[in-house]
Amino acid sequence: MYELGVVYRNIARADSRVAEGLGALGSATVHEAMGRVGLMKPYMRPIYAGAQVSGTAVTVLLQPGDNWMMHVAAEQIQPGDIVIAACTADNTDGFFGDLLATSFQARGAVGLVIDGGCRDVKTLSEMKFPVWSRAISSKGTVKATLGSVNIPVVCAGMSVNPGDVVVADDDGVVVVPAALAKKTLDAAAAREANEGEKRAKLASGVLGLDMYKMREPLEKAGLKYID
Amino acid sequence: MYELGVVYRNIARADSRVAEGLGALGSATVHEAMGRVGLMKPYMRPIYAGAQVSGTAVTVLLQPGDNWMMHVAAEQIQPGDIVIAACTADNTDGFFGDLLATSFQARGAVGLVIDGGCRDVKTLSEMKFPVWSRAISSKGTVKATLGSVNIPVVCAGMSVNPGDVVVADDDGVVVVPAALAKKTLDAAAAREANEGEKRAKLASGVLGLDMYKMREPLEKAGLKYID
Amino acid sequence: MYELGVVYRNIARADSRVAEGLGALGSATVHEAMGRVGLMKPYMRPIYAGAQVSGTAVTVLLQPGDNWMMHVAAEQIQPGDIVIAACTADNTDGFFGDLLATSFQARGAVGLVIDGGCRDVKTLSEMKFPVWSRAISSKGTVKATLGSVNIPVVCAGMSVNPGDVVVADDDGVVVVPAALAKKTLDAAAAREANEGEKRAKLASGVLGLDMYKMREPLEKAGLKYID
Amino acid sequence: MYELGVVYRNIARADSRVAEGLGALGSATVHEAMGRVGLMKPYMRPIYAGAQVSGTAVTVLLQPGDNWMMHVAAEQIQPGDIVIAACTADNTDGFFGDLLATSFQARGAVGLVIDGGCRDVKTLSEMKFPVWSRAISSKGTVKATLGSVNIPVVCAGMSVNPGDVVVADDDGVVVVPAALAKKTLDAAAAREANEGEKRAKLASGVLGLDMYKMREPLEKAGLKYID
Amino acid sequence: MYELGVVYRNIARADSRVAEGLGALGSATVHEAMGRVGLMKPYMRPIYAGAQVSGTAVTVLLQPGDNWMMHVAAEQIQPGDIVIAACTADNTDGFFGDLLATSFQARGAVGLVIDGGCRDVKTLSEMKFPVWSRAISSKGTVKATLGSVNIPVVCAGMSVNPGDVVVADDDGVVVVPAALAKKTLDAAAAREANEGEKRAKLASGVLGLDMYKMREPLEKAGLKYID
Amino acid sequence: MYELGVVYRNIARADSRVAEGLGALGSATVHEAMGRVGLMKPYMRPIYAGAQVSGTAVTVLLQPGDNWMMHVAAEQIQPGDIVIAACTADNTDGFFGDLLATSFQARGAVGLVIDGGCRDVKTLSEMKFPVWSRAISSKGTVKATLGSVNIPVVCAGMSVNPGDVVVADDDGVVVVPAALAKKTLDAAAAREANEGEKRAKLASGVLGLDMYKMREPLEKAGLKYID
């Protein structure tokens, strides 16, 4: 349930170095480190390939076809933030374009995640301002109805609280609650540490069946080989 | 972000009489009374027409293709509860059928809201056990991976906390946070009180344009009539 | 392209007896009689089974999440009209409920076709006010932005001009331009006239292959039977 | 890969009594008895609630927007058959209506499963000719391009061979290969035999946790209860 | 409603310099200049990034799975035209590939907008022949049933008349009626003129809240800041 | 219907040179050469543009949210194979990432086609290991339930048998049964042989109407030109 017409100015942001550390590991590793939870729905796609960012969440709740709150949110952005925009109803309108991006970038935002549409994607790509959205659409919006800024929102199926760490890359968007950020970073880093060695083994032809010792559990589960 | 492998046994349920009162008013009125928030996505549909229920939420987090936690949830049900089942990924498998419904009904549950599939819908209709789901599917599920019971979940795009009031009918499913239940009931009842008079006026041919005094604001907004 | 902020008060309606005649034949027969064009997309579904209506179109253009224009449209309804509501963006909000239905019914409307959401469907079913919609949703709407009434619209993929005949039943919604209504009625009636005889033949075991003389063209097209 | 332009006249049908036996048990039980495979995708829905049928498959491969092969298929129907229609591309046109249903029924077909659209649903409901389809649509079709009859097809994601048993009800559509039909019937019947006792226990308040002895494996998997 | 089996050879094209001017401004600016109408649905996507074109519409109405009319349309193309292809039913088949593109390009077409599928996208990208489509698909089509050329069509939810200006880029596809083209160009150019100044201000850290003087209306609407 | 818990070790692969030859011609040409059948649904998209591969199919049947069988499949890969992964239910989880890709590549696989999700797409692009999938998702998977390897599967709507040739490129994924591979290659090569000449003619301004001699059949079908 959403509180409407409010802007919370003081939010507790996760540690920015932890956020950066998580971003460097990427969404898949972070998602695994959290026990395979925290991922937004896979319909959220980057407007251009190759961006990989992380930041602390400034949240916005939008009304369908109305981007008024995006301007209100701009003022709340601090360097290192990522804006997370939810909407009270499914909507693909182009809530965000190059002018807002210029403003967000001037405030220090590292990107936008929006459960709605985005436009001016060619200019945004040139500006290197990454956006993850459910749609790309020229459709403009009005400024008529209040939503809120920095309240807890559900964006693309995932709960986000202001100040949470959000990691976004080509594979998707993962939310790490501020209170779990440090612990998740440690777990993700440990996980990553093993990857190089595993990769080398697999590249040399060792099978995952042997490396992960799966043959016995598979046999127990009843797997049968037929020649 | 979800905590996995836990069952919270003691949850603070909203007042059952408040829950009943909200249920009698229906999802549309309750949704308006909350300021037009709290509604699950409209892909959630009842398995049969005409059911209108409300209850206090027992939440379940499922893994795709796995209904193990539904059995764990059954034990946590108290009379007047409604079970709210979310899943860690979009999935339409038939997590729920007539045997589980028999168990849920025996425990006093008034219904199920599941962001997944449901089966045995003919029997469930005969049992008068209402289910709101994203799909109907014979597809059975395994019992292999842990989820959780009575943690905060996101179900069909809406946050639900254990103990919240959930109102479900032919129009959809609305979530009322426990802390706002009484206030929402009052607002919804006040709203409903005017409806009879309004309906009578409209039935007699009075236009909403006049009853709601819309002509002036429409003119100000620039509406033009052309003969 | 849509003209915004206008209401056309004088529209040329198709002959009401022709509209009734088309309605009696149903959407499938009328659609065939027009050469298999004129059908709205099949995501448009009736809120209850069994309704079969036809009327002359009063068109409405809505903005997403905003039902202001529905009230403006109500005043333009004349007995025998059917309201056709389009939206400037895909939107499933509940633009229409029992109060508006009471008003529409009082004005003589025979139904509503809306490329958006509808609510209060249980009450609407009891009132026998049929609605064809893309969604059912409790989600309420604001009254903030102008659309138009009685301009040409695109509803569920089909062009509709004010005054056109619209035929709606369990199979879908068909639009017949006013200028073609009489000719279409004649063609549809002729088509219908043959159906009883065909049905009797088929029921007696005669095959369509023989009744429609398809064996030769199938053989020419290269069809081979293999024993 | 499909062979086009052919009709196989002699197909090996599964035993009709076995088909009937499977139909009586319903799609969910049969699907479980096969090891949870064989189900068509859940977008396949009955045109009216309550039908439960089973039959031996006569398969048809259609071209999009073209129902020529349905007439060819009619001739191949024997009493107790169910027609399974696939299409070479996703298409929601109304390939099937009351005239074809009259012919199919005259030939002894028990129903139709079509990965496409269906029309005349009100008449079909009155005729009690059940259809499972991906859409309902008035859209008519042409008769111009060859498909095939009684070749192996993929319908709604599932392979179907001519003569297979198909079980369809409110929960979905399950395909049982002819060679496995008897064995599946035995497994399904055994499964069903236990259901009454289980239902009685659950209705009396026994929990699935105890009845299925889940407490120990849940604990082993790490489930924690928190008061 | 569509007229079938006709080709209109003489259509009134919008002024080509106006069309070019609109194309240079892009779909988002043009869409705003028209009052936020005229946009096709956002499922229409370019087959490669970066193309930005505008032209005068040659329209085609296709039948599902049939591209016969594309060849008929080729003859009607004049330099500076853009082909707009609609279909009588939702269909993703590959109606268009490199051979047709060679022909269209030879006739002077600047691109294709098709509410259907497209294939040979690698070759089309190399040829720099831009296509906006609802799908990419190898699926070939037949040449069996008539549609029409240069009749009014509905493409991806938007009405298009032959000769209208169509602007397409990475953000989407906008239709400008020929009669409004000059006026829209003037409005769009005026709009664009201010963008540079706005962008500079926002880049310097000025907030949209101040630049657009939103603080007062937001306060009036009831927005509350909470510290 | 699927056989679960089995791995077939000896499969009859199509001739590798034939597979290569088909790959060089591309999915559209091969699809046409087979009579316009064999194409997977167009929701299957490459994770990066420009890849064009063909191989002999190693098939995998997955359970939703579970990638155990992918490791089992790795051992069955031989140089020149392409892995075709189906799932028992619609699921977008990230079953496949860079570690498995390293292993598959070490075994000689030329790519993966998966009716599910894929992750680590940036790394996979750098590795030049092409994947066609229905989704991109960071969502990890468990290893708990058996599927099968090298059984016949339905992947994205198309039947695939182990050893079949699969051709995948930017236009989609086509399956050529092993028994038809040589014949299809001959037909596709013949088809391709004419394309250069046709392209040159069309580029010079000759119309398809004339080159394909369509004017007469169009006239017969009733096409009318209106000036």
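In this document, chain identifiers A, B, C, D, E and F correspond to the written order of the chains, with residue numbering beginning at 1 in each.
Heads up, the rule we're going with is that a residue touches a chain if its C-beta (ideal position, glycine included) is under 8 Å from a C-beta of that chain, and two chains touch if they have at least 3 such contacts.
All of these numbers come straight from a predicted model, not from anything done at the bench.
Engineer: Listed by label, which chains are in contact with chain B and with chain F?
Structural biologist: A, D
Engineer: Could you work out how many touching-chain steps separate chain B from chain E at minimum?
Structural biologist: 2
Engineer: Look at both sides of the chain B and chain C contact and report whether the same residue positions are involved, with over half shared, or different ones.
Structural biologist: On the two sides of the chain C and chain B interface, the residue numbers are mostly different, under half being shared.
Engineer: Scan A-E, A-B or D-E for the interface that duplicates B-F, counting it as a duplicate when over half of the contact pairs agree by residue number.
Structural biologist: Repeat interface, by the over-half criterion: D-E.
Engineer: Quick one: report the Å distance separating chain C from chain E, using the average Cα coordinate of each chain.
Structural biologist: Each chain reduced to its C-alpha mean, chain C and chain E end up 28 Å apart.
Engineer: Counting only Cα atoms for the centres, state how far chain E is from chain F in Å.
Structural biologist: The answer is 31 Å.
Engineer: Quick check: what residues of chain C touch more than one other chain, meaning two or more?
Structural biologist: Chain C, residues with two or more chain partners: 36, 88, 90, 92, 139, 142, 145.
Engineer: Check the chains against each other and report every pair that touches.
Structural biologist: A-B, A-C, A-E, A-F, B-C, B-D, B-F, C-D, C-E, D-E, D-F, E-F
Engineer: Could you list, by residue number, the parts of chain F that touch chain E in their complex?
Structural biologist: By the definition above, chain F touches chain E via 27-28, 31-32, 36, 39, 42, 45, 49-50, 52, 169-172, 174, 195, 198-199, 202-205, 207-209, 212, 214, 217-218, 221-227.
Engineer: Applying the document's contact rule, which stretches of chain D touch chain E when the two form their complex?
Structural biologist: Going through chain D, the ones touching chain E are 63-66, 88-93, 139, 142, 144-145.
Engineer: Where on chain D is chain C touching in the complex?
Structural biologist: Those in contact with chain C are residues 5-10, 48, 68, 71-72, 74-75, 92, 94, 97-100, 102-103, 105-107, 117, 119-122, 125, 135-143, 145-146.
Engineer: Which stretch or stretches of chain F touch chain D in the complex?
Structural biologist: My answer: residues 1-2, 4, 34-38, 41, 88, 90, 152, 154, 157-159, 175-177, 180.
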